[in-house]
Amino acid sequence: MHAGKKYNLLEFVYWTRRDVYKLLILATIPTVLYHFFDFTFLALPWVPVGLMGTAVAFIVGFKNNANYNRLWEARQIYGGIVNNSRSFGVMVRDFLPTASEQAIQQLFYRHFAWLTALRFQLREPRVWETLDEPDGIDFQHWYTIPERESKLDVELKSYLSVEDLAYVLKKKNRATQLMALQSKHINALGSELNDFQLMQLQTAVTGFYDLQGRAERIKNFPYPRNFSSVATYLLYLFVLLVPFGLLKEFNAIGQGTFLEGYSVWFNIPFATLLSWVFVALERVGESSANPFEGGANDVPITNISRMIEIDMRDMLDETDLPAPITAVRNILL
Amino acid sequence: MHAGKKYNLLEFVYWTRRDVYKLLILATIPTVLYHFFDFTFLALPWVPVGLMGTAVAFIVGFKNNANYNRLWEARQIYGGIVNNSRSFGVMVRDFLPTASEQAIQQLFYRHFAWLTALRFQLREPRVWETLDEPDGIDFQHWYTIPERESKLDVELKSYLSVEDLAYVLKKKNRATQLMALQSKHINALGSELNDFQLMQLQTAVTGFYDLQGRAERIKNFPYPRNFSSVATYLLYLFVLLVPFGLLKEFNAIGQGTFLEGYSVWFNIPFATLLSWVFVALERVGESSANPFEGGANDVPITNISRMIEIDMRDMLDETDLPAPITAVRNILL
Amino acid sequence: MHAGKKYNLLEFVYWTRRDVYKLLILATIPTVLYHFFDFTFLALPWVPVGLMGTAVAFIVGFKNNANYNRLWEARQIYGGIVNNSRSFGVMVRDFLPTASEQAIQQLFYRHFAWLTALRFQLREPRVWETLDEPDGIDFQHWYTIPERESKLDVELKSYLSVEDLAYVLKKKNRATQLMALQSKHINALGSELNDFQLMQLQTAVTGFYDLQGRAERIKNFPYPRNFSSVATYLLYLFVLLVPFGLLKEFNAIGQGTFLEGYSVWFNIPFATLLSWVFVALERVGESSANPFEGGANDVPITNISRMIEIDMRDMLDETDLPAPITAVRNILL
Amino acid sequence: MHAGKKYNLLEFVYWTRRDVYKLLILATIPTVLYHFFDFTFLALPWVPVGLMGTAVAFIVGFKNNANYNRLWEARQIYGGIVNNSRSFGVMVRDFLPTASEQAIQQLFYRHFAWLTALRFQLREPRVWETLDEPDGIDFQHWYTIPERESKLDVELKSYLSVEDLAYVLKKKNRATQLMALQSKHINALGSELNDFQLMQLQTAVTGFYDLQGRAERIKNFPYPRNFSSVATYLLYLFVLLVPFGLLKEFNAIGQGTFLEGYSVWFNIPFATLLSWVFVALERVGESSANPFEGGANDVPITNISRMIEIDMRDMLDETDLPAPITAVRNILL
Amino acid sequence: MHAGKKYNLLEFVYWTRRDVYKLLILATIPTVLYHFFDFTFLALPWVPVGLMGTAVAFIVGFKNNANYNRLWEARQIYGGIVNNSRSFGVMVRDFLPTASEQAIQQLFYRHFAWLTALRFQLREPRVWETLDEPDGIDFQHWYTIPERESKLDVELKSYLSVEDLAYVLKKKNRATQLMALQSKHINALGSELNDFQLMQLQTAVTGFYDLQGRAERIKNFPYPRNFSSVATYLLYLFVLLVPFGLLKEFNAIGQGTFLEGYSVWFNIPFATLLSWVFVALERVGESSANPFEGGANDVPITNISRMIEIDMRDMLDETDLPAPITAVRNILL
């Protein structure tokens, strides 16, 4: 996520520069034809373009709303992981007798392993994600995505016993099977916990599966491609027609002034500006559509996972707590 | 679901080609009458058409929103089935003593049978679904729907004992009675489980009934036909009037140019384009209205059910796990 | 609910025919005055009418949204009753020893009685419902509402013991007191159930009270009359002004053609069409506002209740299951 | 709440009469200046006024939506109180041995006391409520608000023992401490209830605190004053400009008719009508903003509380049940 | 929060005065150039500006909606803390034997400490908050924010034992570790509570962690900067173009009157007014975006925390209850 005040204007324009170039070209073509070749019939009536603009505003607004909700739900899920982790932490610590210190530590550290496996899974690429497209590649020149810099097995080594690690790496869905190990461990502690405590810890496992599954749902089910495609094509169509629709208006404003016959050139900057408004809106929504890919506007899951680790180790009164993940150039991952 | 980057433009146009033909005809008729028969009074004022366009944008937007929510809830339900299945899996595995290996296996496989029965039920046709209409038939030339290629009793054979199978096939709602068998089995295990464990497993059964019922609700209660019909008829009415409303505008743009008297023919492509924008929007929403019928934009319930089976069998450390269902030509079912 | 593909156009127009007559009269008056009496000052400017149209689109859209949500929540509530009934069914069947067959049967059938009492209560008329207005009376010529054809005490007789029936008929809110009988019965079974099982069944009772209460809330708290009234009056006002606002436009289109001076008569069909768009939208929303009254677009609670009975009796392996309620002329009640 | 078909037009106009007077004056001033003093430059262009109208429609729609949600949530809360009260009722009745009849009665009647204390607290005035403004005072000429006609201590006397009454009247938040008495009583019954039953009743107490707190939240946290104020001021600004923006249009429609030079007077009724549309919309939303103050469109909490009392006393087979609260002139409080 | 009737107009204008100055300048520049330098070509066509206005209304409306939801969720969270605190209070008081008076008191006061630590954490500044910008600094001349006037360790002293205080001040997230102390204390009370009671109190701890985490989520995850920035830049762009787009209209209204050639000056006030409408809308949403920073429109968490303390100490029949926090100049913090 961007953790600063706002994107400054340069960043914003830089971010959409590829679109701006295209829009300029789109605006220039009809203007040139109008002015030099006198193709005045290119001056389409504004009326159908304007109504199309309203429809495009609807569809882009709809898409942005859906994508905002995806981002916000993703953040809620990780918020839920924070909350459940704290509750799970105090239950494990306070239910088990102090003699079981080792079991407590194992359950805590396996939980960190689960957090790690989950964030690695969530940051694997998907076909519909945009991090490996030109805009995303720009982004990666300036920031590194922790889950692309490191390897899961290396990271897990510091949290898991040798057997657990070997077991988990053989599995398809590692996060799922790590949580299954927690379940097995808890149930094997039967003699040290009473039935009420066992049930509460099992409920915590159920809760973590629920949160993991919700995150995987957002990861694996993109904003539906039919809705996404129609928004894109209608936006393109609108943007294509705007410079035609404004020709006449801009030609008219120069009449009777020293710009007579030249004011049509105003069409280029202004049609571009108007089109850019809609394109920028669509871009912004698109950039939040896949909140786990590791982009600049995503949920900072590395940061949150670390924060959970700090809080839980602080519960055990450990002293060498790891440092929090901080924002680099305002971006927190 | 479509699991690619987007529908390409050709697919998109091909998909709506029947509408495009009709829109072209609708746009041609008034243009021909205007040009050749000089019926200039056909040039309706734009003002009522434009306001109707705004109203149609509202109603189509509303319909798309509702249908998107239906799709998204359908996906959430199957997400819930994933989560509850994992929790159920670890509970069955870790609650029962290792000696009860057979009971564990039976409960797991009967669960797969429930998943199978459920997806067959959800993919049965309904009157209001569109898979057996021309568009849907096109679709079926390229993809096969697993639940139409196979038979439920064949599929269940690999998961159920002979008696269970015979019992279930006699029943009205097989998924319901399969889950009822799970309940009976769990309660019959009474001596191997304590009361807390029994209660948690019974709660899991309740959870599965809840998810099944929610899926059946979406299946059996379409987007209300009154809302759906009004959207269709108002859209038709608007689309019918658009080419009349634009006649005058397009006639005007040629005035004073070499196209004078001919520019009215521009009405045909542009009225079609504008109408198509609204028709395409409506189409897209319609294609997500019934998320379980087996279309290109539906919830991939075969894929998800398989994925659950893999994860749960992986929990039991089985080795010959089935392959995941993958997308064919970008479509995942 | 309408269980077909869509309302056909004739049904749709027939349904709004009373409005169409009124709109035609409203459109004719100013046109006649304009044409025959030359009251050209009646041609109001379009600008305030158009803005009013936008405001009316907002308010009607808002109302439709609220009413759609009422319908959808009503369907969710009955979906919840389905789910909870199944869970309750398996718990009663599997918790109680097989020796208690009679108690099982009593609890099941009293549950059907509760379903019956609930649907009779929900289909009693309310002042703000529209089933006994002209449109609703049309509807009742073609369909019969089961809860108006039969009597509650007759229906309950097949489900309840003589004492239960006598007890319940004395009570104010029969559904509430039937569920209270379930609670009493369950708690009286104490020796055959353990505390965990008792608690789960009591929780089921709580769940049914919750669902019943939610249904009663929708039944007894209409879409607020202030919001409803303002939508109606603003719509009327708009519809009244539309034919005045379009006079000038339609007068103009004939100028210079053989229709000169007569094209103003186009105002009648087109003002009616435009007004009808808004009126039809409002009608559609209104028809879903009270989803339990028994109209063509309501939740099919008779059908769902019967379906629950079938599923639950199937759980007990009864053989003479009742037939499902099916749609009559596409309408399912 | 209004429990009739709708507000009739006279009630509606009467309700907004003060606004209509003001709007008429606002429309008259520029018209007079234009006509008699020939200040034709007062005829502002419509374009900025129209766009402002769109923005005002957005903000008023937003406000109405929020206020509708406040009303609906308030009704849901009281629906929840109904449901939980019934569940609490059957649990108390069926858990306690019949010998504890007195305890049962005490718990039931203290519950009625809680309902009473809660509705008195919710109907205390707040600064931002509108019941003591001119419109609200009109309203109070025709209806009496039960919580203003009676006193809490008098009402509580019939439900509480002398000590309980004295204890509660000393407390700050009486509803909270009444429920705390329920909790104390339940826990003191320990020997007559088992731990499962105690836990379920304690959970009911938690549920009631939750519902009470949600009601208090809506009572004590108005629709945010910044959002409310901006809607009001922008609406005023728009309404102020409308008559200026329409001058030219209305002046024009008389040209060439016998009304030439006089048609500008049409500006007065029509600018008023258009402004009134927006003002009426805002009024309607405002009237649902504080759903507990006791106005005509509020949640009928006296009626609902009485209804709960009837249902619960009916559970105990009491015979002298109180009469339900009914609507007076269509208004139910 | 503002606890009065509304912001008066002066406050409102004063609040946006910096924007008004800028808008005036923006409107003056093109007007001067048009009038004195005869740059009539500056009179941009209204059409693209108007469509941009619609798009800006969408995006600002979207932002306001999201920010309103943030505020409202924040209030719900604190409402939840109220409810859970009351439930926790009665459980602690009524579960523990009266002999454990000291433990009861410790648990109550540590809860107040948690409330205090939480509100201090929530009122720490964040980069994206606006309290230390010019508008926020104005605000702070008139009101003091309790959490900036006092120190956490001082406040905690009155609630915690010496050891607890020392322990907590060493920790990273004090609220989290205070709640962890509650968990430890509750589990250490094992002999005085039965397992059911322990479980219910542990569930309360889980509930508090959930509410704390949700508050922290809103605190630490601002309205996404990409959405926020695009709204700002598009608004700026629109506001920049408005005075150009209205030049021609205002020039025209003076034609043929004694203001001919001067009416263009009307552009300055009216372009400013129209721009201000959109700017004011955006401001209002922005002012609710960070509901915990301590501004005039935030959730009054100091007041609510105090209110909880009063209610809980009233449960213990303490007599020297602290005074409630009241509004200062209508602002409640």
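Going by the order they are written in, the chains are A, B, C, D and E; count residues from 1 in each one.
By definition in this document, a contact is a pair of C-beta atoms (placed from the backbone, for glycine too) under 8 Å apart; a residue touches a chain by one contact, two chains touch by 3 or more.
Keep in mind that this is a model prediction, so the values were computed, not measured.
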item: Shared interface partners, meaning chains that touch chain B and chain C; value: none
item: Chain-contact steps, minimal, separating chain E from chain A; value: 1
item: Magnitude of the superposing rotation for chain B and chain D (Cα, nearest 5°); value: 145
item: Whole-Å separation of chain centres (CA-atom averages), chain A against chain B; value: 25
item: Centroid spacing, where centroids are CA-atom means, of chain C and chain E in whole angstrom; value: 40
item: Residues of chain D whose C-beta touches two or more other chains; value: 54, 195-196
item: Pairwise touch network: line, ring, star, complete, or other; value: ring
item: Contact footprint of chain C on chain D as seen in their complex; value: 1-7, 9, 12, 46, 50, 53-54, 57, 61, 64-65, 68, 71, 75-76, 79-80, 82-83, 86-87, 89-91, 93-95, 194-196, 200, 242, 246, 249-250, 252-254, 256-257, 259, 263, 266, 270-271, 273-274, 277-278, 280-281, 284, 287-288, 296-297, 299, 310-311, 314-315, 321
item: In the complex with chain D, residue positions of chain C that touch it; value: 38-41, 43-45, 47-48, 51-52, 54-55, 58-59, 62, 66, 127-128, 171-173, 176-177, 179-180, 183-184, 186-188, 195-196, 198-199, 202-203, 205-206, 209-210, 212-214, 216-217, 221, 224-230, 232-234, 237, 248
